[in-house]
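Below: a set of structures, written as structure tokens.
Next come two complexes, and both contain chain A; in the first it sits with chain B, in the second with chain C.
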Partner chain A sequence: MKKQNLTGTMNPYLKFLIDYSVPIIISLLVAFAIPLSGLSGKYFIKELTIRLSRNSFLILALLIPVMAGMGMNFGIVLGAMAGEIGIIFVTDWGIVGLPSMLLAMLISTPIAILLGYFAGIVLNRAKGREMVTGFMLGFFMNGIYQLVVLYGMGNIIPISNSKILLPRGYGIRNAISLMGIRQVMDKFIPLKIGGILIPIGTILVIASLCIFIVWFKKTKLGQDMRTVGQDNEVARAAGINVEKTRILSIVISTVLACYGQIIFLQNIGTMNTYNSHEQVGVFAIAALLVGGASVAKANIFNVFIGVILFHTMFIVSPRAGKAIIGQAQLGEYFRVFVSYGVIAFSLALYAWRKRVEKENERRKAMAFKRMLLQNNNTAEGDKL
Partner chain B sequence: MKEKVKNIIENVGLPRIIIFFFLVSLFVLAPFVGISLSTSINDVIVRLSMNGILVLSLVPMVKSGCGLNFGLQLGIIAGLLGAVISIEMEATGFVGFFMAMGIAIFIAVILGFFYGVLLNKIKGDEMVVATYVGFSSVSLMCIFWLILPFKSPNMIWAYGGSGLRTTINTQGYWFHVLTDFLQIKIGSHIIFPTGTLLFFALLCFLVWAFFRTKIGTSIDAAGSNPDYARSCGVNVDKMRIISVILSTVITAIGILVYEESFGFVQLYMAPLYMAFPAIAALLLGGASVGKASIKNVIIGAFLFQGILTMTPSVINNIIKSDMSESIRIVVSNGMIVYALTRKSKVRS
Partner chain C sequence: MRKRIIIRITLIVVLILMGISLYTIGKEHKVLIDNKDISMGGLTYNADTAYNVRVDNLEIGLLEKDERKAVKVVGASHKIVVEEIKNKISTGEKHEKKFKLKINENVTINLPAMVNNMDKWIEKIKN
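Take a look at the complex of A and B:
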């Protein structure tokens, strides 16, 4: 009904342009910047493969809360923090290789569940403004994370490895090297095509997450989430526990983000203890939106189109900036601007359309009421 | 009695009470760890005068129902542009400061108008969109700071010869013109920034008086009950735009006063997170997403700056490590999360 209303009044070509304005603009930008950057095809493909395997998992973690109607989950930062705590522990214990990475995931899962549960409760209390609350929650938790990692670790929480402790004896260093787990998943099944390493292990993990998400949509819980996402009241009438379902969607997303961050860090090989997680939410969300997703609709295709477009821009913009005004810094600022700008633009576009739809519906309801009233009046007139 | 206490906690809010007692205990502890109470209070007052106007700037938008202005950076950009243009034109002293202010206000009115139009189109989602409008405008301005054709040797990078520096010294232009105005010195440590405080008080009074005029009350009505306001013949959209322009203009003035007192114009990514401390301060003063007053501004700015000043010095002395930054993050962002989860009557 809603959809008909909007498409009925709008030219289908125009609708397509508005729906996909973000991917279209970014594609044009990228098409313009690639020749300017002067990068070789091989280098470009190598970079893109790395970034695809590095970031896809984190972006996939955003899909489930969108299904439950909670918008973009800015709270995935919480999951990223949980993952980092797991990594700190396995690095402290000096475990190496794939088992170390799996152990890090195992340790951080309960932390991620706990944080996700907390986030879910908070977001349930802030219905209608989940996104800004999730965003602020990330900032708030960053403070708690600092207190725990910078002051608690080595003090209250036993950490003994002097390589990751600050010289003063407690608190974790600003940057820790993850040589023990560096690219263990990427190189699990080694394969090189034309000198480019193909991270089969990570790609398999990402593929299985995609299958999980497709399967999850068909389960009872997945269906419930979609009902909740469409209409809280209808879901409640159908006997679904709305609050619980919403919390579950955030918990799943947080746990996935936690694994996503561990995969991300094993690829990079070093961890900025206090900064690695900060921008996770912004970049993941911007990439998803660049892929043509909206606050209410996102699927697996959006994720991959988004990663490719968004990260192509990331690869080429510093070089393009240098080519235009001779300063790489320009491209640096430009890509930060695009990340924030894409989010601002998509959220505004979505909010605006939601309002127009609401207004249309209100007008329709008013017209209907007026018609009823008129009919009643004429009926009464007939009686007289 | 128990009911009464419960009622007070419910009304004031538990986080505010905790923070208030935290601050009081800091003040009580200060003399025992060798920190002079009078200098501490003086520091709080100096910082209050620096930051107060930024907190005040949030009030018009809250009153008109636009929520907390997470897009505060837009006004800050207007202020920064005013500052760098006035320095470029070699304007010094009061003339320079008021010229910076004039340019800033002019730009703020234009930016505020478009910002207001945008916020009218997205009623109900103002806060999250505003956050990212603020972020993206700061990063867009980074590009402009780099390529705008400024020439003054005090502002551009020494070696490259182009692009503005990240921090620009206002010494020699309009550094401390307000702060030193009618300044009172007590002893060697206590300096009372009369000029800045008077200016803050004047702006508070002007905003207070504005909300007593016909337009002001219309804005208030548009915020508290849009349907009722519409039926009374108030143009709600127009009132919201006026309030957004007003907020942006006050922010622009606020950042200029901050720079005048601080001594540096901070460009590039420096303004990125400036909205959050101001919002946290207002909320700490007792405001909510849909309600704010001048009283909230003054109390909030005092409490918030009190914590910022007292935590580093006192906590450092007690446990010999600097946890103040983390505590600041937890307190300010926790306050905002708390306010967002309160049920308030903000209608779209």
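Take a look at the complex of A and C:
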């Protein structure tokens, strides 16, 4: 019998091209832009090392909800907000150094757990539309965050540091200097190779998270999440509490995103109180997709390939844009365009694959029905 | 069930204690160092010597007469070492003191009082 599966009959090279179309396109773009940018190898490696250590943790936070079949968690913005609240408090209290960062993590963890739990409940009510719901949740929670930070802090929540308070006496300033925690984790174990600072502390933390994720996949909860991700009904029949497992995956992701945002901000050294978290979800998801992940499948390998490709583009695009049309601004527009474009392309590709799979299922069912009918007709013919 | 509650309460207590210790270890304090005349209990100590000051192995620099320097220190326990300087040359005389700071405490250290072992060589700054 002729094989009806569309992707099954597809040339393996073509299948590879379709599966990895996003990383292939971005690799080509990067390969084209690197020579145009004219950046020195040392500068390029330095920038890439900084960005790898700055962003990897946040992107790793996306893996667990993908495992639980919830797609890309746009709700990591909630975790980022929790992390920022922790940072506001430690800055107000005048805590500096690594203890400050750890205390910020400690304070923001219960907030991240609460927000993650709330997000999990909402996403359970929007099964099949988790990503758009998560995206909207980010906007909704941003409103509440602004209300708390802009009106609550200094009014209801005591803030005494005049350096972070607005001159009117309440509300937090638009930009906060984080000199007290700037690069404390990056420089915790100082190492310079060829004049380039290697952030050993942050790399060790990222490596620990990678080990945690690998270990977590093998635990009972990790296996439950994979089962839930494959089929909710099968998981339920196997006695897994699907709703609880999904909530847990979002809680873990939100808490990790909270830590990721703190690591991100300690590297930058300043915090844009009302905007730092806004693009976190989009950029992290775009980076993961650039690394070859899909809405249904993502691994640690995709994270690092994604960070390298996506951030190489960030580094070279302004200079390449300037070389092409004489304006660095083009590079800025280009990278925003690519971020959203990559997400749109990946979602469209995922939807197309789903449609093809459904079509395959339908064709298989039709062929099976036809075969049964043929068998029945032959049997009746034999009787006659 | 009871065991689980005990474990959870213990975890919360441990986390709170961890938070308090992180707060204490990471708290930044302002220390003002004065090389000014000081009168206490009818006695006056004049600031007629320059001092080279180090706080927690951090070089603060030379403090001439009537000069004040501010330094930020982190944590609760600290050490100040002052070295007498005359005509820009060290006399070799060193004075060392250890001090502890409470949470939210900023202090002023008076060098003439410190080298003369007076009780009030360190005073809390009133907010």
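We adopt the following convention: the second predicted complex is superposed on the first by the 364 of 384 C-alpha atoms of A that agree within 3 Å, B and C clash if a C-alpha of one lies under 4 Å from a C-alpha of the other, contacts with A are read in each partner's own complex, and residues count from 1 in each chain.
Here is the rule we go by: a contact is a pair of C-beta atoms (placed from the backbone, for glycine too) under 8 Å apart; a residue touches a chain by one contact, two chains touch by 3 or more.
From a predicted model like this one, the values you see are computed outputs, not experimental measurements.
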| item | value |
| --- | --- |
| Partner chain(s) touched by A:Val77 [first = chain B, second = chain C, both, neither] | neither |
| Partner chain in contact with A:Gly128 - chain B first, chain C second, else both or neither | first |
| Partner chain in contact with A:Ile325 - chain B first, chain C second, else both or neither | first |
| Touched partner set for A:Ser100, first chain B, second chain C, both or neither | second |
| Partner touching more residues of chain A, whether chain B or chain C | B |
| Partner chain in contact with A:Ile203 - chain B first, chain C second, else both or neither | neither |
| Footprint of chain B on chain A - complex, ascending | 122, 125-126, 128-129, 131-133, 135-137, 139-140, 142-144, 146-147, 150-151, 168, 325, 327, 329-330, 333-334, 336-337, 340-341, 343-344, 347-348, 350-352, 354-355 |
| Chain A - residues contacting chain C, complex | 90, 93-100, 102-103, 106-107, 180 |
| Residues on chain C engaged by chain A in the complex (per definition of touch) | 15, 18-19, 22-23, 25-28, 74 |
| Residues of chain B touching chain A in the complex | 70, 118, 121-125, 127-129, 131-133, 135-136, 138-140, 142-143, 146-147, 163, 276, 321, 323, 325-330, 333-334, 336-337, 340-341, 343, 348 |
